[in-house]
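Note that chain A is present in both complexes that follow, paired respectively with chain B and with chain C.
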Partner chain A sequence: MFEWMSDNRASIAAVLIILIFIAFVWSIVVGRRQARLTANDEVFGDPVRTKGGWYWAVTGVSALLLVWFYFSWGLGRAYFPDAANEMCQCAKLEEAVSPIKAALPIGSRYYKSTLLASRNSAQLDDLLGKLPGTVFTDAEKAELEEIINQIRDLIANSSNPENMVQETRDELVGLAARLDDVSVTLDAGPGDMTPTSEALAQPRWGTTFTEIPILPITSRGMLFDSASVEAAEIASAFNKVRNRFPENDQLIEGIKARINALKATNAAGTFDEKVAEERVDYVKAVERIFKRLDDGLIFPAAALQDINTAISGLDGAASRAKGGLRAVDAVFFPGAGIVKSKTQCTEQGSARWLPKPTDVVATFARLANPDLENGGGYRGFPLLWWDWMPVSGYVAFFIPDWIADVWPGEYASHGPDGTITPNFKDKLLAFAQGDVNLGYVPMLDGHIWDSLFRVIVALALGIFLGVPLGLFMGVSRFFKSFFDPLIELYRPVPPLAWAPLILTIFGIQDDGKIFLLFMVAFAIMVISARTGASGVQLSKIRASHSLGASDRQIMWNVILPNALPEILTGIRIAVGVCWGTLVAAEMLAGTTGVGFIENIARTVSDYELIWVTILIMGILGLVFDLVMRWIIKKTIPWRGMG
Partner chain B sequence: MADLVCENLSMTFTNPQTGAAVNALKDINFTLKKGELLSVLGPSGCGKTTLLNLIAGFINATDGAAKLGGKVIEGPGVERGMVFQQGALFEWLPVSRNVDFGLRMKNNDPAENEKLVEKWLDIVGLQGFGDTPTYQLSGGMQQRVALARCLINDPDVILMDEPLGALDALTREKMQSLVLELWKETGKTIMIITHSVEEALLLGERLFVMAPRPGRVHKEYRLPFAERGLTESLREIKKDPKFSEVREEILTMIWNMEEEIMGRV
Partner chain C sequence: MKSMVKAAALAAASTVALAAPSAADEVNVAFFLEWATPNLIAKTTGDYADSMGVDVNWVDFTTGTAMTEAMLAGDIDISYSQGLAPFVTAIQQGAPLKMIGIAVVYEANDCFVRNELGIDGSNASELEGKTVAVPLNTMADFAFRSYMTHYGVDISTMNIVDQAPPDGAKSLADGAVDMACLFGGIASAAGAEVGTPIMTSEEKVAAGIGSFDVVSVTEKFATENPELVKAFMDATEEANQAYTGSAEQIAALAEASGMSPENSKAQIDGFIIPTAAEQLEQFFGPNGIAASAAASLGLVFQNDSDGAMIAKTIDGSFLE
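Up next is the complex of A and B:
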């Protein structure tokens, strides 16, 4: 079932998108009708105007889903499942000719030769201006100026079309003709090309980590694929073409000899350290520029004209051969289309970091599968499942080892025959360390549960310690004044600023994170309980005194229930803050948890996984809040009515 | 006899920051016999509420003493029940748990509590409202709960701090009848602080008009209207020329006091 859905995710998306679109249109129709019905009964500003209106919620959600589908290319994939493969073939051609384009003002603004000539000339001028007069002798200075002038000549000679040898001209003309042939092939169309069975057997777009199948699965794709092979050969031949001729070769030899002579002087010379360094640096700078110009890569602009025309022609032919694919690309695949790198085709633009809704669901389903042997879970740990847990582990969590240490008596030592008979103290230690079999209980397990567990334990500790302290602070001048500075000293520090310290002290296991979250929850609970306690009406307190209640009874029966709304609001806030802090803490350290998954996903740029964790956290945060809202509604119906 | 006696009762408030002292009450002397109904009137700031708080034991007198049944009052106690203006009910508890709050604090037998709650809800006219949350009750009903909650503890004195001040005119009249009824049936000593001259006349067997700076009893009346209210309609009593005469006299008195205060300020 899951396999089938995973393979056919594009078709499922196609149906879903239609349904969402219908919901979108329908909700607008319903909403407009409702708006007309109520338009006469309500004036602007009437709070009733914000009541109800679920149909606009449908409009908003469906619009969001449609935008998501569109920008993640989910829409394009649903209705044009082969488009990405074809675009990948076009991208192959684009990649193949990219080395040629790089030399022409098509791929960039200028000819590569123009850039070489202008940049190096500018650097030569700069170098000449900085010629250090103190470290070189006058003769050497003249020599260096001569070298720089000769390098300038080198540039000038290469740029002159008259200097080109016939052989190089022929080569360039030949390459331009071959490029024209490719254009002709493209214009001729795919003919009877059929995709190979190997290509057709590839997994579908998006179902594997490779994303887009690379072999062509359509005849148009085949055409582009074969054109890209020929274009790649042309490009490789173009890369080998050099503008060499005898004058320059002599010039090059001469410059090389002069530079070597200077280098030899530098090496042999007994200059003091600083002077030697400056001399070496300057000669090196001159040589570096020379090395960029001695391999015949500067062509006269006129010589590249044919190639330029041929590439423009090829672009036109490719565009014609794409046909309808061009429109599909422009409309349904927002962003920079598909780019072929060395080994794979990748989606560019929004689709790169925004996974398709169906892919997110599929990734979530894969992670949520508790069957670890068959690829479920994440890093050998399920997302949320249950398992048999030893009871002794929980007992050990609550019983500290030192209880065994302080028990009277000594631990057993090994007897004369080398065996050990454990006494009661040993058994107590084993108990405290969880080394006994106390049976097993079913317990929740998995990354999500680990995160939940940390929040729940920290929250429970925060409530059970924070609320009493807060209540006492609300009724006692001593408690208020004594504890207020202590809490206010640590509370304003963002919890994440504490995280590195706490995690270093407590280690990366649960205790550190729980303590960090406890600090957060504790402060919030103290403050909310205190606000609630100090906000109790004086007349209620006086009434309960007159009814004969003792101080303790008043605390328990009047102040606590009176502070309950603030305490519950505090818990609601604490849940939210703890949840946020926890994820960040798990990112810093740990081996389980939702934040851990996201951190790993980040390091491998697995956008789908990142989004899945974001969605999990969002949904869990929402569930927490809904539960708290429900509890608040059930437990304090009197709120705002007293 | 559980008489309420005030001997030279004085109260001076000192501002802890400035040290400025205000004479809220000076040398209050009176004896309220068991079963008497006293209403206290006066302009704002004359120390009416301070007097009540002293007797309730919420604050301690700087001089003199209040005694109940010969015992000096040193703190709040069950024998002096309180009814506040806003009811001061515990809104997280239903009506019956509000009413038996005092009994539960004494760890009484729950079954017995239940019977007493039934009885008192009946008396104050709230039969069948035992499980209703208090925040769903109207202001008048909330005051009935407050009365029942106070009376169920069987106090010697009932102290009421403007108990009907927040009610509408109709409800107020009904509640005045209820207070008179309860006074007659239970025979409790009742002390009512009020702003309304009419109410003070109707609900005062005795009536103190207090004057400010320092707070003192300016004039004392003994009135027949409360006794008459037990049998006659309150509205008939209000039409009595004698009633109007006393009302006008007291109104003029308080009016003059207010003028004096304004003049001083």
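Up next is the complex of A and C:
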């Protein structure tokens, strides 16, 4: 079932998107109708106005999902499941011709030859201007000037079409013709090309670690794939073409000999250090420029005209052969399209960091699978499951080992025959360490549970310690003045700042993480309880006092209920902040937990996993908040009615 | 809805603007400060620009992952001394990059065992069941796994805790963990205070456990400007050959890397800089170290990694 759903995630998404779209439109219709119905009866600012309105929630969620589907290319994949594969084949052709394009004013302003000629000429001018007068003799200076002029000639000769030998011309014309042939093939269309069975057997788009199947699975893809093979051959032949001719060859030999002569003079080493260095540097600089020009890379612009035309023609043909794919690409695949790297085709643009909703669900399902042997869970630990936990473990948690140490007597040592007979002290130690069988109880287990456990324990501690303190601070001068500076001093410090301390104080177990979360929750609870307590109307307290209520009764029956709205709002805020701090807490010493997964996923930029953890935390936070809202509704129904 | 369309159009327009290819009038090279490779001297003297014939912009980065991101965005053409780990991660994510050279080879990161335990290579199997702090998915993680495989220790019996090196060093000092695998000078020094490396430098060399940084380049730049890539590698080779360790060079290096001369010297003395010929022979040849290390590192990061895929992005042709 899961396999089938995973393989057909594109089709499932197609149905889902239609449903979401229908929900989106329908909820707007319902919402508008409802708004018209109540428009006349409501007063602006009346809190009742915000009651209900679930249809607008549907609008919001479905709009968010649609945007997510669109920018993650989930929409494109749902309705054009082969498009990525075809675009990949087009990208192959693009990649194949890129070495040729780099030489032409396509995508850049100038021919590469133009750039080479102008850049090197400028550098020669520069070099000539810097010719050091003192370290070279006049004869040598003349020689160097001559060399530089000859290098200039090299550029000039290469740029003259008349100097080109027929062989090179023929080569370029031949390559242009071959490129034209590729264009013709593209224009002719795929004909009866059929994808290979190997290609068809590839996993579908996005279902495996390799995102996009690389072998062509459509006839149009086949066409582009074969064109790219031919184009790659042409490109490699083009890369080997050099503009060599006898005139320049002679010039090159001459320059080489002259430079070598100068180098020999330098190497003879009759100069003092400073001068020698300057001489070597200058000759080296000349040689460097010469080296860039001695391999015939500069072509006359006119000679590349044919190739330029052929490439433009090829681009046109490719664009025509793409046909409807171009529109699909532009509309449904926002971003830079698909890029072919050495080994695979990858999505670029927003789809690179925003995984498709269906993929996120699939990754979540894979992690949630409790069958660890078959690739479920994360790093050998399930996401959320249950397990038989030994009762002895809990006993060991509560009974410290030192009880066995302080028990009178000595631990047993091994006897002469090598066996050990444990005495009572040994058995007590085993009990305290949990090495006994006391039966098993089912217990929740997994990354989510571990995170949940930390948050819940920290929240509970924060509430049970923070609320009483806050209430007392609200009613007692001593408590207020004594604790106010302490709380206010630590409250603004970001939790992450405590992290290094907590590691040293608590070590790597759960208690440190819980303490970090507790500190966050505690401050919020104290502040909210205090605000609640100090905000109680004095008349209520005086009334109950004059009716004979004791201090305790005033606290329980007047102050606490009146502070409840503030306290519950505080809890809601604390829940949110605790989830927000969880990632930092689990970074301290990561062993399990949702934050741990996120920290690991970040190191390898596994965006799918990152989004899964974001969603898990978001959804858990939402569930907590819904529970809190329900509690608020049940416990303080009078809120907002006063 | 309208603003959504607008946002989409804006996004499309901005990507088009980004995708506009740039003529290679200048080359952008990423490098690390505080990482004293000999070619930094050539960077300062401008030798790179001279031999490549174009302007070379050197941009310093703090992590190899950031280098990858910048290369994907088209801001960087060549990354010098990118770590093997971020490179492999990038390849696994389908980034169009290739490895064209080895920048430096250095000792693998150390795993420090708490001194009280008295565990070293001879009784390493006692590590089973112990708690280890490892910065997961880093070169230190890779080194940790290499050591344990070397000594035949079963990792599944160990309690592995993901900790950043400074935290790991602290936990080791506190006794919260029994072994900590660390990288970085300060964390390693702190680890050495309370622990002993599980493997000495000589043992590491003998066991063939080491790390190296790579020179990586975007596919686009390599196909469009092969001569510039070649010139870059030649200039690097020249700079490496010219390095003799003289006081003058150390001073220049210290200035370029932003460290004190003493630290620069200590750091570069720990580096092995393979020559182009050595790289071709040992790293890029058939069964070369580059491919095998990248593939096994890939397995650490993703269990379903395909080693052959990573090998395709390794190209020693620019060294020839």
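Just so we're on the same page, the second predicted complex is superposed on the first by the 428 of 642 C-alpha atoms of A that agree within 3 Å, B and C clash if a C-alpha of one lies under 4 Å from a C-alpha of the other, contacts with A are read in each partner's own complex, and residues count from 1 in each chain.
The definition used in the following text is that contacts are C-beta pairs under 8 Å (C-beta built on N, C-alpha and C of every residue); 3 or more make two chains touch, one makes a residue touch a chain.
If you're wondering where the values come from, they're calculated on a predicted model, not measured in any experiment.
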* Asked: If you stack the two complexes on chain A, which partner ends up touching A:S539: first (chain B), second (chain C), both, or neither?
  -> first
* Structure fact -> Winner on chain A touched-residue count between chain B and chain C: chain C
* Between chain B (first) and chain C (second), which does A:L547 come into contact with in this model arrangement: first, second, both, or neither? -> first
* A:T421 contacts which: chain B (first), chain C (second), both, neither? -> neither
* Asked: Is A:V558 touching the first partner chain B, the second partner chain C, both, or neither of them?
  -> first
* Asked: Can A:S341 be said to touch chain B (first), chain C (second), both, or neither?
  -> second
* Please work out whether A:I636 is in contact with chain B alone, chain C alone, both, or neither, and reply first, second, both or neither. => first
* **Residues of chain A at both interfaces, chain B in one complex, chain C in the other** => none
* Across the complex, what residues on chain B touch chain A? -> 56-58, 75-78, 80-82, 84-86, 88, 90-93, 101-102, 105-106, 133-135, 146, 149-150, 153
* Asked: For chain C, which residues count as touching chain A in their complex?
  -> 4, 8, 11-12, 15, 18-25, 50-51, 53-54, 65, 89-98, 131, 133, 136-138, 156, 159-164, 166-167, 170-171, 174, 176-177, 219-220, 223-227, 231, 301-302, 304-306, 309-310, 312-313
* **chain C partner contacts - residues on chain A that touch it in the complex** => 67, 70-71, 95, 98-99, 101-102, 107-110, 115, 119-120, 123, 208-211, 239, 285, 288-289, 292, 297, 330, 334-336, 339-346, 348-350, 380, 500, 503-504, 507-508, 587-591, 596, 599-600, 603-605
* **Sites on chain A touched by chain B in the complex** => 537, 539-540, 542-550, 553, 557-558, 561-562, 564, 636-638, 641-642
